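Before I ask anything, here is the structure I am working with.
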Amino acid sequence: MLGAKAEYLLPTDCARRLVAEVQGALDYCAERQRQLEQSLRVSRRLLQGWEPARTPAPEPETKEEAPTPACTPSAQDLKELEFLTQALEKAVRVRKGMSKAGQRDRTSSLISAANAATSGATATAHSQAPSQAGSHASGAKSTKGAQKATVPAKNSPECRLLSRGNRTHVRTGAQATGSGPGLRDQQMVPSAVSQTTELFTLKEKGTLLQLPVAFRKAASQNSRLWAQLSSIQASDSTDATRAAKTQFLHKLQTATGWVGHRPSAAEVETHAQSLRKACTLLRLCMQKELSTAPTDWMQEYRCLLVLEELQTMVGQCLHRIQGLQAAVTEEMPPLCLVEKPTQASAPCGGEMDSSWSPEFLLYSSTKELQTLATLKLRVAMLEQQIHLEKVLMAGLLPLISSQEPGGPRWLALCRAAYSLLCEGGERFLTVLRDDPAD
Amino acid sequence: MSIVTVQLGQCGNQIGFEVFDALFRDSHSSQGLCSKRENETYQASCKERFFREEENGVPVARAVLVDMEPKVINQTLSKAAQSGRWKYGQHACFCQRQGSGNNWAYGYAVHGPKHEESIMNLIQKEVEKCDSLSGFFIVMSMAGGTGSGLGAFITQKLQDQYSSSLKMNQIIWPYGTGEVIVQNYNSILTLSHLYRSSDALLIHENDAVHKICAKQMNIKQISFRDLNQVLAHQLGSVFQPTYCEDGSLHYRRNPLGDLMEHLVPHPEFKMLGIRNIPQMSENSLAYSTFTWAGLLKHLRQMLISSAKMEEGIDWQVQPPPSGLPPLGKVSVHKDLHFNTSIANLVILRGKDVQSADVEGFKDPALYTSWLEPVHAFSMWKTQRAFDKYEKSAALVSNSQLLVKPLDMIVGKAWNMFASKAYIHQYTKFGMEEEDFLDSFTLLEQVVASYGSLGP
Amino acid sequence: MTQSVVVQVGQCGNQIGCCFWDLALREHAAVNQKGIYDNAISSFFRNVDTRVVGDGVSISKGRISSLKARAVLIDMEEGVVNEILQGPLRDVFDSKQLITDISGSGNNWAVGHKVFGSLYREQILEKLRKSAEHCDCLQCFFIIHSMGGGTGSGLGTFLLKVLEDEFPEVYRFVTAVYPSSEDDVITSPYNSMLAMRELNEHADCVLPIDNQSLFDIISKIDLVVNSGKLGTTVKPKSLVTSNEGAVKKRHKKPFDAMNNIVANLLLSLTSSARFEGSLNMDLNEISMNLVPFPQLHYLVSSLTPLYTLADVNIPPRRLDQMFSDAFSKDHQLIQADPRHSLYLACALIVRGNVQISDLRRNIERLKPALQFVSWNQEGWKTSLCSVPPVGHSHSLLALANNTCVKPTFMELRERFMRLYKKKAHLHHYLHVDGMEESAFADAVSSLSALIQEYEELDATKGMPVQDVPRLSVAL
Amino acid sequence: MPGAAGCTGRRRRRVEGAAKALPEAIAALSRSLPAGPSPEIFRRAKFDRPEAAPVLWQLLFRVLLPLEANTTLTDLAPETQARVVKSALSSQGYPRSALIQFSEGSSQGSRELLLALSWLLARGPLLEQLLSQTRVQLGDQLPQYEALARPDPPAPHVETESPVDLRLVEWLMGKLRFRWRRLISSQQEQCTLLSKIHLYTHGCHSQQSLGHLSVAETDMLRDPESSQQLLRTLESENRRLEAVLEWRRGELVFWQWMDTVLEACSLESPAVTSQPTVLPVISDRGLGELELVKQELHALQEELQEAAAPRRAAWETQVGGLGQGPEWSTTRKALREAVKQELGALQRSWEPCSSPDQPQRPHRLVRSEGESPRPKGLQAAEMIRTLSSQEACLKKVLHQLQSQCQQELARLAGSLPGLIWILAPGH
């Protein structure tokens, strides 16, 4: 059990760099996770039972409500709880501007919800009502008259979807059948008041939903405007405007007395990234070329050409890097370093052909969507992993070769480095002493 | 997020049942000491994680039962059905006629490949019933043949097939005085294989649980059911819902992920132990009151003195003075019993939980020199009381706690291996001595790595 | 659930078998009150629809119709088997399970092994195959025979090889009854010696039983039963020797009683595989745990308690006593003292109302007094079966792989050598076709090698336990 | 005379139109900017009036701030805001130093600020970018993970004064692996839920081609209150969009006007030609990054050299005089062309896209199950194919790096006597 000291302390600058890199990656992941979780919460809520106005936070009332330790809440507690719940519900109701509606039986109320939605829609935007909504309406025709009377008058159509009638109604339904499910712990359910069981789920009634007219209008206007924006950009109003902008930029630049171009930090970053990608792609291309055995001399010639062309390209990349480095450290006077106009020197956004309108991404099954999303994430993760691998290589390999081999510190370094660099940190190796005793 | 439990072998199935029963009973208990609404959220959170609902409304455990002989599975199914509260899935069982005969190689190399497809299909069906899968909880013993051998095999297949899902193996560590003669072989084979394919090994020692039954629970004649219930209580105290973070009202969605991220990121340190407090018979409970300060003080001392339960804590053990570099051998004697942690997770449940002060666990002296408390310590909590305790605390610890038992097992297995005893029982199913050597090598490293944590 | 087939060979084997089937029926009848054919019963019995003529169709579920023993009865004379067929157990067997001859083996291993072996090989195999076909998962053959006679030792051990070739996956557990030193069969040392070699090579586990020990146990029980001491009234039907079932005492005591002990041994051995319990032990776990090296597969067994007292008010001490007795010299089924020899491994098969804490307590209590081999200091295998034997609240079967079997083997070798040196009766063997003298020498060296292995282990006894140097991790 | 009257009327209108055009353009610009200042500010800034400065500092701050930081940084003190603006501008390569020289919090230089803003506007589609950053998301999207691959410059707060054990790095890397896995499982869940919502709301969308509702739309229906809010934000976005369109139509006059501003500026401050005092800050990290790539490229170049040179030689000797004919020369030309084209495509795939600031064209997820009139759009299957090959490619790269390390380590460690290195076997 007596282990030798297995520590290896990194030199400060190396440590700072490595830890900062990994920490940065960790923070980024955590942020993405947080965002995902937020949107998950929304989606999950949608798939749960749709019941109106239920405050999701359980917390605030815990204190007052906490029953005595004697396990079961006393009658007093129950009463208070009931009042509290009633008060809360009332508050919510008032806030929502919902009026109390009469009692109906459950099924008819659900139909009426749909029906109300449809009839509301037809009233305001008759022409847009989709056909299947109509069929639902006709399906419910027999009771239509009775329902009409109970559908509360609404001033804004978008509030209509969950009518008060439904809500009241289901509550009574639950009251009636409250003692039914044997699984419910009666002690936990002090009164039927708070037994607002779900009205319906998206699964059951989702297809009856209707987007409010005002929203539909705004949304279509929105997409029209974005489309216009795209088209105007494509043509970039006039050449005159473009020229004016270019001229302005030029004047601005010359007024400062700078002739050349100094790369900005953002540019350097951009270049570094593209060069990194270039390096990877070039290497892959080389490997592909080297791994295929040419069958005839034409192919061999083609292969040769590729390799030589790759050499040229690598040379260009290196040249670019040197240029950048020089420009940044100012060993060289400002120069026009990139042959190709890049973003910063592009005079204006005129030549972009991109569109601001969303494109549809069509998927056919959950599985496919999952595969797509996972792959996307995987690719991003692999890129990150490769980046970290390179950072670690640059940090650790020189350390190992610069130290006297043997000794516990060196071994500790080697073991950890092996695990990190060769096994993605997932496995480790054991170093055994080759004892003659064994 | 849901967890799919895989119960393997006699031990795994018996424990799995008690765990589900404990989870269900607690989440439907009236003793949560919280508002009805909160209780419902708690219940829903527990349910999402461990149960699904069938058409008739009876919750069904998200579990797959695997054994190589039918007796235990039949027994487990009928116990669940008799409870009337929850049940196992109708087609969630896989069993054969003949057990693995305490032979790891038989479970791993014969039963495993032979039944891989059927078992993995069952698991996949269960996975498909989850909206979202957080990971797998694999319950098994490491002494026998089916739990250990087949368990190691299945864990590996899960790793292959669900590489991004988490895998936690709940492992029962056999009695030190022996319950299966080849337990040490089976154990080293199991542990070394799981070290490669699992993310975390949550370990319960039969000896420790036995002592808790005797000393804390005051049970005179202790049955396996008693042991398993203590164990289920401990697991429940970890996996029942807790809030996401300080001040949040949302329940944590992926406790398995949170736990692993906090406790087992390093590939050489995957062994976790659970301690919890209070744990006592119902009779004594009626006469006891607890304060958070008291509970946490005891729990901390349990941690640093490697005590497995509240009774008989050695209060002499103290962390080495922090900040000072260890001076030669001066403090060796004192530190001998000090248990150095890599990382700890404290879980608090019950009344006034916001007033609990866990500073004592943030002392850098408790942890290995290379990990600061900010990385090494985390806490979960909820106001909802757990089981029948008004206040309770659990500790999941990645520390040297288990290195001694591991060292013992490796040593004993090595002694047996040196005499070549029982090797023929393994080689007849295609294992080689080389496989044993690989296992020894890996575990010797684990022992050494844990050993080198200390001050 | 697995099944086992009992192969009873020779007079001794069939008498024990007879007791076994009787007890097995009683045990299942006591547990299975509803008369439903369940997994537990299926391990030793088939359920046959007798209305169908011919072979009888096995019924896998539902009510018990007619139980047939999963057994093959072999004897080279007709007496015992005929008695069984005329006795109350006759319905449990049918003629298709029997193989008999009229000539007998004349207490000659060679006749049983070589002559009858080749003569009946196909026929026996046919019956064995048939019985195997009736099982959906055949796990074990229990072979019961004596070592001293001709048919049991000769044909019985011949079968071992046949089974090994034909059913390599199925375990072969042999219950072998060793002759006592005053055995009246003069050639018994030859027979036993020749049989030993076969056991060495072809059995997975051997449970050696020794007539003398059985006899001593019976005497001990008689003493208690007849002493009539206060508070020691023995609960009726709780004697390990008693047999109030179907078999009427043709053979007066002590044989019947002795056979019952062996039958009880087999029932306990298989109890955890048949019935529920909180810690199961399947049959394949026995050899896995108790046989560290292929040849060292002789397990010394002891059964406790031998009886249950009628007074129910003193159980706790009695429970611990049960464990203590299991390790005492006078409860072993061979003449041996495990407490003063070296344990390689030990199994405790506990039945009835006993919990894990009782088991652990007793292991910890007894452990200091026992010597275990250095590499197996915690060599315990345990099981808890919830169903006790009929008439008891709990019971224990201890199986020990212990060097204490060595004296039995040495004594056997001595007795053999005494005869063999004089070449006495050797010609009876040598004139049998296929029998060569080298067989005797081979048998001796086989047994000697076994004794040598035990000796070497014994030599380590009392030496301080030292850990073997382990792999040394650099970091 | 009606004709004359008509003529003068038209001219006057044109003059009036020109006079009105500038304020209208500025007003449109103002409305398109987030929390846009009143148009008057622009006029005042032209005359370098101090009261315009604070407003413009703030405006620039909002414009330049990275979106993610929005929540935490908006409450910063004006001085800090100004500092952020300066560093952001300089890192983007803003050429004028005058602005940088103003002390923070002073009310100097509103004209310089106006120039900076105009510079930003002239460079690219700034307004569109700003709008798209805050765009109301009506459809469902797959999350973007660009930045995952390119970790932003590490948080400055990482202070590692105490020595770092390499095991800590292993620990953190392990943590990262768990976070990756967690992201995957959360995303799987998100996909399941999205797909359910899409399925359950099938046929609800007023836009026929969509067929179903998105999460935002469904959520709006569930909660009337949020529906109101959504409507309001959508409407306000529409107003801004209209303003941008208006600005686009009339911006020419603004740029003409800016010329006069610039003239006024350079007249007044001729001294600015001197070297800027604040150089563009390029982090060590950026340089280190470049150095890393450089090394890799050098290594690659060597490898290529080693591979290509002998092959060229071998080919020359093998072909010898064979490759002379006219037929061959056309073939050779064709081959050259093909290779050039192929590699040109390769090169284009890494060149920085014309505008890295522009987020990828947004995608709206649409579930369509084999219905005959499938809406137009990208097919997931198509994208999956692309991504898979990309994934395979990256895996290969990673493995190659790993085996490179393995060789290097084996070389370094292999020579030590008395030690055996054993890696736990994989399966």
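All chains are identified by letter, namely A, B, C and D, in their written order; residue positions are counted from 1 within each chain.
Criterion: a residue touches a chain if its C-beta (ideal position, glycine included) is under 8 Å from a C-beta of that chain, and two chains touch if they have at least 3 such contacts.
Everything numeric here is computed off the predicted structure, so don't read it as measured data.
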item	value
Of all other chains, the one whose Cα centre sits farthest from chain C	D
Innermost chain by mean C-alpha position	B
Chain pair, most C-beta pairs within the contact cut-off	A-D
Chain B and chain D: spacing of chain centres that average the CA atoms, whole Å	46
For chain A paired with chain C, centre-to-centre distance based on mean C-alpha positions, whole Å	69
Euclidean distance of C-alpha centroids - chain C vs chain D, Å	82
Centre distance in Å when chain A and chain D are each reduced to the mean of their C-alpha atoms	16
Touching two or more other chains - residues of chain D	164-165, 167-168, 170, 172-175, 177, 179-180, 182, 184, 186, 188-189, 192-193, 419, 422, 424, 426
Multi-partner residues of chain C (at least 2 other chains)	471, 473-475
Sites on chain A at which at least two other chains make contact	3-4, 6-7, 37, 40, 374, 411-412, 419, 425-433
Pairs of chains, among all present, that meet the touch criterion	A-B, A-C, A-D, B-C, B-D
Sites on chain B touched by chain C in the complex	10, 14, 69-72, 75, 97-103, 145, 175-183, 210, 213-214, 219-225, 227, 410-412, 414-416, 418-422, 424-425, 440-441, 444-445, 447-448, 452
Chain D-facing residues of chain B, complex	1, 131-135, 156, 160, 164-166, 192, 195-197, 199, 254, 257, 260-261, 264-267, 369-372, 375, 438, 441-442
Chain A partner contacts - residues on chain C that touch it in the complex	469, 471-475
Residue ranges of chain A touching chain B (in the complex, touch as defined)	1-7, 37, 40-41, 57-59, 61-62, 65-67, 69, 71-72, 81, 181, 183, 185, 187-190, 194, 374, 419, 425-430, 432
Chain C residues within the chain B interface of the complex	1-2, 39, 136-137, 139, 276, 278-280, 282-285, 287-294, 345, 347, 355-358, 360, 363-364, 367, 374-382, 384, 467-468, 470-471, 473, 475
